[in-house]
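Look for chain A in each of the two complexes below; its partner is chain B in the first and chain C in the second.
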Partner chain A sequence: MKRAFTAIEVLIALAITAMVGIGIASMLTMVGDGAQADRGTRSALLRAHAAQIRLRAFIDVSLNILTYDEEQGMAIWLHDNKPLDNIHLSELRIIWWDADAGELILEFIDFPDEWSEEMIAAVDVILAPDTDFFDEMTTQRVAGLTAQETLIESVDDFGATFSGNTATESNRAWISLNLLDDFESEHEVLLAFGLVNYMSAPGG
Partner chain B sequence: MTTHSYMTSSALGMSRALRARRGVALLLVLISLGAAGALASFYLISQENSVEIGDNAGTASASEWAARTGAELGLAVLQTDQDWRTAASVDGRILKDVALGDAIVTVRVTALDGEPPRDDDTDLVITSVADIDGMTSTRQLVVELNPDASVEESIDEELGEFGVYALEGITLDADGLITVWSRNPRERVNTPANVGAGFALTSDLSIDLTSEIQRSTLFVTNSATSGLQELTQDVRFQGGGVIPMDRLPAAPALIPPTLRDLPVVWDEDTRMNLGIGIVMIGGAWRNVTVENGTEAVMTDQLFGQYRVESLTLSEESQLTIDGDVELLVMGDLVVEDDSAVHLADESSSLTLYLMGNMQVADGGVGVDPAIAAMDDLSVHALDSYTDPRRVRILSVSSVSGGLAEPSLVVDDNAIMLASIHAPTARMEVSEDAVFIGRATTRCLSVNNGGAFYCDPAIGVETGFTNLEGPLYANGALLEELADAMATWDDAMGVEALKAHLMSYYTEPTPEGAGVSAGPGAPTPRASARAEAREWPMRAFAMESDNRPSEAPDGDEPDPGCNDDGSFFAFADTEESDLEE
Partner chain C sequence: MFRLAHKRGIAAMRGFTLLEGLVASAVLAIVVLAVGAAVSTGRQVSVEGQKVVLGAMAADDLLAELSTQPYDTLLGYDGYEQEEGSLETLDGEAYPVSYWNLGRSVEAVEETITLSGVGVNVLGVTLTVTSFDEHRVLASLETFIPEPAE
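Up next is the complex of A and B:
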C-alpha cells in the first residue's frame, strides 16, 4: 500500500512553499520597484539633459537676460544681429513659464516669409530699455508675428537666481527646475549658465 | 527466507518512496533555478544599454569640447599674420583633419554667404567640426577682422564712411526716406548707414512725421549742442556718437591740371541727335547736347579725359562710359527724359568734376538705360550690387571757378547710383526719385517720396567714426592730426587733405617688426586682429524647426538650417542633441 503524506507533512510543505513564494514575490516587487525607480531617474536625467541643452542654446550665447519674473518667465536679448547695441524686436526672446501646463515655452518674432526687407525694417523696431518685454511679445503674438517652441514639459516648479542684483546686471544665472518623471516623482534639477557674450543692456 | 523476503519487499517500497521525494526536490530546484535565471536575465536586459548611454554622453562631451577648441584654434590662426586666406581660398578649410585629443577636427573659414573669404571680407564665420567615432559636433564663431590699418589708410578725404554727411542741415519731409541699400555687401551683418551732422543745432535736423531715417546711426561733432548730441541715442537711430573734433575736413575738389589743360577737340557747340552711336575723342569740347536716342561714348581708348562746357542728355539718349574716364563739366549737367549716363561694363568708371549744377530728372546716372527709362521706379529695379564709387562726382571749389553753392537735384522718378562729394552743394532727392550710394553735401533734402539709399560698404571702417581706430588715442584725435587740422584750409582742395595731415604725422614702426621668432616659437599674433562672438546657431536651429514654411522652391534655405556649410550651418548631431 502506498504511503501518503501525513497532514503535518503537507502543512509544513505548504508553509515552506508559501514562505518561499512570499520571498520570491517580495524580491520581484523590490526588483520591479528598483527598475521603475531607475527608469524614472533615467527619464528625469535625460529630460534634465535636454533642458540644459535647450536652455543653454538660448541663455549661454545670449547678450543679456533683460528681465526675470517668477510668474511669467524671462526675457532674453539673444543677439545683436542688427548691430550697435540696441535691442531690436527680432533680437528678443521670451521663455514663458506656464505653471498650469508645467511647461517652459520659447516665443520669438517670426516675420512672414512674403514680407519684404522694407516691411520687416519698418516693424523690427528698437525697444526702449524700459519696455515691458512680456507685454511687447504678447502684442506681437496678437498681431500674428510670433512663433512658439516648447522647450521643456512636465515641469512642476521653475525658478532662477542670478550673480548680480538683477537679471540684466548678471552674466551668470542658475535655473532650478522640479521635473516630474513618468511616475509623477519629482526630481530637482539645478542648471548653471554663463553668458559668454554678455553685454550691458542699452541704458542699463 | 520469509523474513528476508519481507525485508526485501519493505526495503523496495521505501526505496520507491524516497525516489519519488527526490523527484519533487529536483523539480523544486529546477523551478527555483529557472526563476532565478529569469530574474537575472531581466535585470541584465534592463541594464544592457547603460554602458552605451554612458559612452555616448562621454563621447558627445569630448566631441563638443574638441569642436570648441578647433574654433578657438581657427580664431588664433586669423589673429596671426599668416596667409590663411590662400589656405581658405579653395573650400574655406584652414585646418583639415587635425587630431585634438581623441577627435579629428576640421576648421573652415568662410564669408557670411558660405563662400571662401574674399580679400575684402572682414566679417567671417569660423566653423569647427569635431568627429569622435562618428559622433560629430559643430561650433561656429562670427568673426570681425580688424585690419591693421595705418593712419594714412584710415583717412578718407571724401568721408566715405558716412552714407550722408551734411555740413549745414538735413531735411526729410513728405514721405522722404533715408535707409540702407539692402544690396550692399555688408547687408548680411546688417551694417547700418552712418549719418553725419556737421552742424550744431538740433533744428537743422528736420524729420517730419511722414518721413523716416531707418537703419542709421547719427554722428555729430564736438561743436554740436547737447540736444543734438543726445539725439545720437534717440531710438530713431541705431546708435552713433560724438566725434571728438570740432569739424571734419570736408573740402571741395580743385580741378586737376590735366583736365584744365586739355587740347580743344571741337571749338563749337555740339548737338548729337542722329539717333546713332558716336564716340567722342578725349579733349575739350564746348556745350554738348545728346538727344533723340543718340548714344555718345566716352572711352579711355581715346585718351579718356574730357572737358565740356556743359552736358545735356535728353530724349532717351545715352552717355556710355567705356573704361576709366575723367570728365570735367564746367557748367551744368542735365540728364532728363529717360536718358542715362551709364557704365559700359564692370571695369568702367567715371570721375566727374562738376563746376555748375546737376539736374537728373526722369533719367538715370550709373544705371542701365533700361532701368533709367522705367516708369514707377524703385530701388528694387537694381537686382545686384554695383559699387557706387564707380561713378564719383566731385563738386569743384569756387577757388577753381566752381559755383559757390551749386545745386544737385535728383527728381521726377529719376534714379542715380553714385558717390558724391560736394560739400558746398545743396542736394535734393524728391518726386519719387531714388538715390543710391553716399553723399557729402552742404544741405540734404529728401522729400516728396524721394528715397536716399546709403551703401555702408563704402569707406574705411577705421575712419573718423571709429574711436577705437588708429586716428584716435584715448578717445581723442591724435595730437599730430589735431595740429594738422588746425592749419587745414578747405581751399586747399580735397586732394591735398591726406598729404597735409600726413605731413604732421609719421607712422610708427610696428611693434616687433624685423624680429623673427625662433624655431618652435609660437607664431606671433594679435588678439585685436580678429574678434569673435559665439553665434546662437543652436537657438536658430531650434527656431527654424518650428517655422511653418520652407523658402519657395527650396532656393533659399531658412537661416539656421542651411547644411551646405554656409552661415548658419550645423551638424546633424547638433540637431539630434536638441531632439534628445
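Up next is the complex of A and C:
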C-alpha cells in the first residue's frame, strides 16, 4: 500500500522549511549589507590614507601657507630654491577643491621644456606679499603655464583650520575632508599637518 | 525474477519521510550558519585591519603636530595621553566619529644618536606616538627631533 503524507505533515514540513529559509535569507541579507558597508568604509579609508600621504608631501615640507580661502583653496609657499627669502612664481602651489569633479587638485607653474633659462627667469617673477595668489595662478593657467595633479578623488567637501590667527601665521594646519565611498556614503576625516620648515612670509 | 523486479518497482516509488526532510533542513541550516560565521569572522578581521590603518594615520597626525612644538617643550609631552574616543588635535579640535574609539599616547626621551656614516653624535628627543583601542596597540610611530643649533 502506498503511504503518502498527510496534510498535517505537509503543513508542518512547509512551516519548518519556511522558518529555516526566512532565517537563512535574513542572515545572508545582513551579511551582504555588512560586507557592502565594510567595502565602502575600507575604500574611503584607503583613500584618506593616500590623501594624508600626498598632502603631507607638500604641506609638511612647505615654508608657509600664504593664504586660505574657502572657495579658492590654499596657497602654499613650497620652497625657497631661489633664495633671498622671496616668493617666486615657481615656488607657489595652490591646493583647491574642484566641487564639480569632486577632486582635490594641486596646481603649480610648469614651464615648457623648450624654454631657456633666460625665458624662465623673465617669467618666474617675485610675488609681492599682498599678491592675490589665486588670481596669479589663474593668469598663468590661461597662459598655459600651469599643470595640475589630482591629489584625491571623490571629495564631497574640503575645509581647513589653522593654529594661528591667519593661515600665514600658522605652523600647524588641519584639513577636514568628506570622502565618498563607492556606494556614495560619506566618511569624514581630519588630517593634521605640521610645517617643520615654517618661516614667515616676506613682508609678514 | 518477476518478484525482484516488483520489489525494485516498490523501492523506486519510495519517497522521503518527514523525519528525513527535517534532518536535511537542519543540516542545510548548519552549513549555511557555518558559512555565515566564516564571512562574519572575515569581516571582523577586515574591520581590525581598518582600525590599524586609522590608528597609524592618527599617530602620524600627532607626530606631525608635535614636530612643530618648540624643542624645549618636547620632553613635557612625555606621558601625554588621549583616551579612547577622545581624540583631538593639540589645539583641542575633536576628531570625527569615524575615528572610532581610538586613543593616543606620547613617549618623549632625550637621547644621543650617532650618525653611522659620519660618526657624529647628535643630541635630541625621540618622540614615540602610539595609537590604541580598548583591546590593543594599533600603531606606534617614532621620530627623532635633533636639538637646534645655537
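Going forward, the second predicted complex is superposed on the first by the 204 of 204 C-alpha atoms of A that agree within 3 Å, B and C clash if a C-alpha of one lies under 4 Å from a C-alpha of the other, contacts with A are read in each partner's own complex, and residues count from 1 in each chain.
We take it that a contact is a pair of C-beta atoms (placed from the backbone, for glycine too) under 8 Å apart; a residue touches a chain by one contact, two chains touch by 3 or more.
Predicted, not measured: the structure shown is a model, and the values here were computed from it.
With chain A as the common reference for superposition, the partners chain B and chain C occupy clashing space. Judged by the touch definition given at the top, the superposed model places A:A57 against chain B, while chain C stays out of reach.
Legend: residue contacts after superposition of the two complexes on their common chain; A:H49 is shown touching both chain B and chain C.
Of the two partner chains placed by the overlay, only chain C lies in contact with A:E188; chain B stays clear of it. In the superposed pair of complexes, A:N86 makes contact with chain B only, with no contact to chain C. In the superposed pair of complexes, A:A128 makes contact with chain B only, with no contact to chain C. Using the contact criterion defined above for the overlaid structures, shared-chain residue A:V196 touches chain B and also reaches chain C. In the superposition on chain A, A:F111 makes contact with neither chain B nor chain C. Overlay on chain A, chain C versus chain B, candidates 6-14, 24-32 or 96-104: the clashing stretch is 24-32. Overlap of the chain B and chain C interfaces on chain A comprises residues 20, 24, 27-28, 31, 35, 38, 46, 49, 56, 60, 196. Residues of chain A that touch chain B in their complex: 3, 20, 24, 27-28, 31, 35, 38, 46, 49-50, 53-54, 56-58, 60-62, 78-79, 81-86, 93, 106, 108, 110, 113, 117-118, 121-122, 125-126, 128, 147-149, 196-197. Chain contact summary for the complex, chain C toward chain A: residues 13, 18, 21-22, 25-26, 28-29, 32-33, 36, 39-40, 43, 46-47, 50, 53-54, 56-57, 60-62, 64-68, 89-91, 93, 95-99. Chain B contributes residues 13, 17, 32, 35, 39, 42-43, 46, 179, 182, 189-192, 214-215, 217, 235, 238-240, 533-536, 538-539, 541-543, 545-549, 551-552, 577-578, 580 to its touches with chain A in the complex.
Residues of chain A that touch chain C in their complex: 2, 5, 9, 12-13, 16-17, 20, 23-24, 27-28, 31, 34-35, 38, 41-42, 45-46, 48-49, 52, 56, 60, 161, 163, 171-172, 174, 176, 187-196, 198.
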